[in-house]
Amino acid sequence: MEYSLDELMIATMAHQLKGEFLVSSVTAFGALAALVAQKTHAPELAVLATPESGMEVTPLPTLTLGQFLTDVQRGIPLTMEEIFDAIFCDLFRIWINPAQIDQFGNVNISSIGPWEKPKVALVGSRGIPEDTSHLSQIFYYILHHNTRSVVSQVDFRSGAGNGAERDQYLGRSGAPSLLVTDLGVFDFSGPGGSMAVVTLHPGVSPDEVRERTGFDLQVTDIIPHTTPPTAQELEIIRTADPLEVRKLELLAGEEASEKFVTIYERERQALHVAWPARGRH
Amino acid sequence: MEYSLDELMIATMAHQLKGEFLVSSVTAFGALAALVAQKTHAPELAVLATPESGMEVTPLPTLTLGQFLTDVQRGIPLTMEEIFDAIFCDLFRIWINPAQIDQFGNVNISSIGPWEKPKVALVGSRGIPEDTSHLSQIFYYILHHNTRSVVSQVDFRSGAGNGAERDQYLGRSGAPSLLVTDLGVFDFSGPGGSMAVVTLHPGVSPDEVRERTGFDLQVTDIIPHTTPPTAQELEIIRTADPLEVRKLELLAGEEASEKFVTIYERERQALHVAWPARGRH
Amino acid sequence: MNKVLTAEAMLDQIPDGASITIGGSSLSRKPMALVRALARSGRKDLTLIVNVGGPEVDLLLGLGVVSKVIYAFVGFEVMGLAPNFRRARQGQIVEFEEWTEYTVMAGLDAAIKRVPFLPTRSGLATDVLKVNHAFRTMTDPFTGQQLVAVPAIHPDFALIHVNYADERGNGVILGDGHIDVLCAKAAKTTFMSCERLVHADELQRFGRDVQILRIHTQGVAEMPWGAHPTGCAPEYRADLKHLEEYMAAANDPAKWAVYQDSMVFVEHGQYLDRIGGREHLVSRLHV
Amino acid sequence: MNKVLTAEAMLDQIPDGASITIGGSSLSRKPMALVRALARSGRKDLTLIVNVGGPEVDLLLGLGVVSKVIYAFVGFEVMGLAPNFRRARQGQIVEFEEWTEYTVMAGLDAAIKRVPFLPTRSGLATDVLKVNHAFRTMTDPFTGQQLVAVPAIHPDFALIHVNYADERGNGVILGDGHIDVLCAKAAKTTFMSCERLVHADELQRFGRDVQILRIHTQGVAEMPWGAHPTGCAPEYRADLKHLEEYMAAANDPAKWAVYQDSMVFVEHGQYLDRIGGREHLVSRLHV
């Protein structure tokens, strides 16, 4: 069955989610990965409708309607305190999409260039420091693997990777587990907790990975291929995301703008078709 | 208009409550004092149905139905965290009924005799330490003023009175403000923050107070009388407490047992008469 | 995941010497059916952790299975002092550690937040600091002021009773929540009884009344009247008549033996028969 | 007590240099009508305290009335970076203090609980500790382990927007609560706008959705569409079209002057007319 890069990545991300955890729906990729996992091998996952609330819903990736899912599906409303308690208790999983990740799994969403005088001020560390000091599994994904996003050393450590400081203060709590990019799957089993290749996506060559990585990543010529999504996984993804919100994250320019407008105009209708109102309010 | 001791005490207690505070309903006296205040001079008081919840209700003193009031009157459900946050923010008021209070306003509900080897083990300090370190007004009442309850020095400080340790660690936060007993009203304006008489209840003599107090309390012969309850106050108390749960706290022996059984048997009916069901559940 | 278990299957997981935090408050929504199952399970040397304790602490003390109690309060409220607690405190036969209401909450919260302590001003200038050797005083690194450092409490187990639950372990609490959420989060393993098991879809109608999240629970049992003799708002009130009998029994060794045999060493269904049967309970206690 | 005030009467109480915490999260339930009133009030040198900030921080930065921002995040989520925030950060024209989501919550909670700090492991081994000089590292008195001491944040004011409120200042939040409760409790003065003022009796039907208690609020204003252009679930979604126009304006000085004149320096009723009127808003944004 044919599939696209977004579907391959989402299915790969889904395979990592197991057990009974709150799973946050911050991005379409994260929400769909959680849903695929929950509908296949990990029925006990507690998937949220939004970054903080709406437990026990079927996520519908949208631009603006996350909280409305909680209402129309009668999701269980949580509080921010519940979310952070679940993080501290290691009962939370999330796919984080950083701007930069480095060879030791440090991640950055705060600034390009020095924090005090940024070349590009990004958004701020948000809740990543909480994740990287408490969770026993930390998952990252990057949509455009290149020498600006997968770097030798991040410009700012919003999240703690491997290294002496982590060993001293945190031990293994919150250490990076896995990175999925548009080129392949990577873990941090290299020397000193450095990045290593696990699989390459079908059609990706070792050379391409070397060229598009900002440090000297060891890539042998006998790396296995990433497992393609199954028909069931594709069916789940496509049914749950009829407007293809997931594609937005990969697009740019005019194409992205058009898709954006289409989704924004149609998503209320998609919501009401999928979930005829039966809210609490 | 005739009134009884419980009504005099409750009205006196009511006069102290002003402003916009959560007021806990732990005892019938406390609940009725809050209600009288709220219905007369302090409409902004936020009276609770139970020690921790049911804001914006009309309390009905009962043995077992506090939480049911929250339901039938659609009180606002709070959490224990809300209660303690209100205490820490000095947005909470409560009439505390200690087993012992001493001349500096230390109070005890933990043990008679040494804590490690009690003569009588009482109940434990509960939330009194939180109150006596955070509230700018602390109110106590004692139903049986005698040399065992109003003492020179408490056997155990469940709550901090005045003294060097308070001054060092707490300043004036949580210092004792007022004590109402079956004999009179007392504050802590004496030397070193010691107890002083404010008023005596009608019919109580200075000698009686001296005799029934466990330390050398200065009582002049020109102490004013406690103001009797108004007709309006009596009306509010009697309407809100048709079963006279308030009397239980003053009774003992056979009389108490009989009243107890009567109240327990009738209180569901009293609830349904006063508040025909319209709950949320 | 279906987490429905019998009380006995839950108890099988609790070893001697376990620390157990118990939800509810005084005469409200104590998980009494689970507590009775614990009492008759033969487990011993238990550490109990309660905020506002009542009949649950008293019963387990009366059965002699407790070695330590962490508490802010133990009593029967309007009914008076807790008889077995009073005797045990006065006889110094088990270890008691007096905390306060907020510090019990803070200790559980510290465990949840994976910090070794939380600071507070509660307890300063009281004797609680003198008798409770778990607390430390500390100096604030910013202002130099004196604070109490409340250590994390790490219970092995939590026992709670709720109105409704689904088989996945989500729980609805309709009355006051007390500290049940903190208990459920702080304990390594949380067992929950409920008045009624409901379908997930029905449970989700309750919105924010779904207070217990299944990620924090490991077992759930349907035990109607499972809080008896304490109350479970807005369904039934506390059974003060039964508590009077209990207190009389606890103060008389012969009666106490009979009470144990007839009320503790029996299955929950039998217990309900012994206290008059469900129909009778409805007429006396439903509100 | 009737706490109903106009936005202008609220703003009269806010002096230059005030610290203001703002509820909501990114594009959700930001108190934008109050923020616009603040922006046109002439108040300056403000310190803003947000958890997940968005258009509110960006607008106030764009008006030049802010001297310091405490934040865990400022951005427009799916729309991209916040233009005025980005420019101000890169130009170093105001002071920025980067916190994290939990530490902002902990800082507000410390203020509420009257402790000078709360401890956490969050932030260890990250550069947040290097650039945020408000934090200190400390040694746990029990275990000797290294912790972050998060100082209390004491905002002078909180601005929040809720679904319903009564005139006493109780507020109902039907969608995600974000950190609004913490804001309301921590601030000395809390001003709340709402979609609709309701009678107390109607408000009390909402049970635990009554998240804001009147003891923590000092003023309430009915401002329908008061979160626009952010969303207010479950009533209306974020207006991404307006935000696109905003972002374009913020990146062009001439357009920005026009945007200010037409969208900020106007009363709330006029604002609603300018964005198409209520009927049009319903058709585009109601869900």
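Labels for the chains are A, B, C and D, by order of writing; each one numbers its residues from 1.
By our rule, a contact is a pair of C-beta atoms (placed from the backbone, for glycine too) under 8 Å apart; a residue touches a chain by one contact, two chains touch by 3 or more.
It should be emphasised that the depicted structure is a prediction, and the values quoted were computed from it without experimental measurement.
Asker: What chains, if any, are shared contacts of chain B and chain D?
Answerer: Output, common partners of chain B and chain D: C.
Asker: Applying the document's contact definition, name the chain pair with more C-beta pairs in contact, A-C or B-C.
Answerer: B-C
Asker: Counting only Cα atoms for the centres, state how far chain C is from chain D in Å.
Answerer: Between these chains, centre-to-centre, one finds 39 Å.
Asker: Taking each chain's centre as the mean position of its Cα atoms, how many Å separate chain A from chain B?
Answerer: Computed value for the inter-centroid distance: 55 Å.
Asker: Chain B to chain C: how many Å between their CA centres?
Answerer: Taking the mean C-alpha position of each chain, the two centres sit 27 Å apart.
Asker: Hunt down the residues of chain B that sit against at least two other chains at once, touch-wise.
Answerer: In chain B, residues 77, 84, 134 touch at least two other chains, as defined above.
Asker: Tell me, which residues of chain C touch at least two other chains?
Answerer: 113-114, 121, 207-208
Asker: What kind of graph do the touching chains make: line, ring, star, complete, other?
Answerer: other
Asker: If you go through all the chains, which pairs of them touch?
Answerer: Every pair of chains meeting the touch criterion: A-C, A-D, B-C, B-D, C-D.
Asker: Once bound in the complex, which stretches of chain D touch chain A?
Answerer: Touch list, chain D to chain A: 25, 27-28, 51-52, 71-75, 78, 81-82, 85-86, 89-90, 92, 98, 100-103, 105, 121-128, 131, 146, 174-179, 181, 231, 233-234, 237-238, 240-241, 287.
Asker: Where on chain C is chain D touching in the complex?
Answerer: 113-121, 136, 138, 140-143, 145, 147, 149, 151, 207-209
Asker: State the interface residues of chain A toward chain D in the complex, per the touch definition above.
Answerer: 50-54, 63-65, 67-68, 70-72, 77, 79-81, 84, 87, 110-111, 115-130, 132-134, 156-160, 163, 165-166, 168-170, 173, 248, 260, 264, 268, 271, 279, 281
Asker: What does chain A use to touch chain C in their complex?
Answerer: Touching chain C: residues 20-22, 43-44, 46, 55-56, 73-78, 82, 84-86, 88-89, 91, 134, 280 of chain A.
Asker: Which of the residues in chain D end up touching chain B in this complex?
Answerer: 1, 112-114, 168, 170, 185, 200-201, 204-205, 207-208, 210, 213-216
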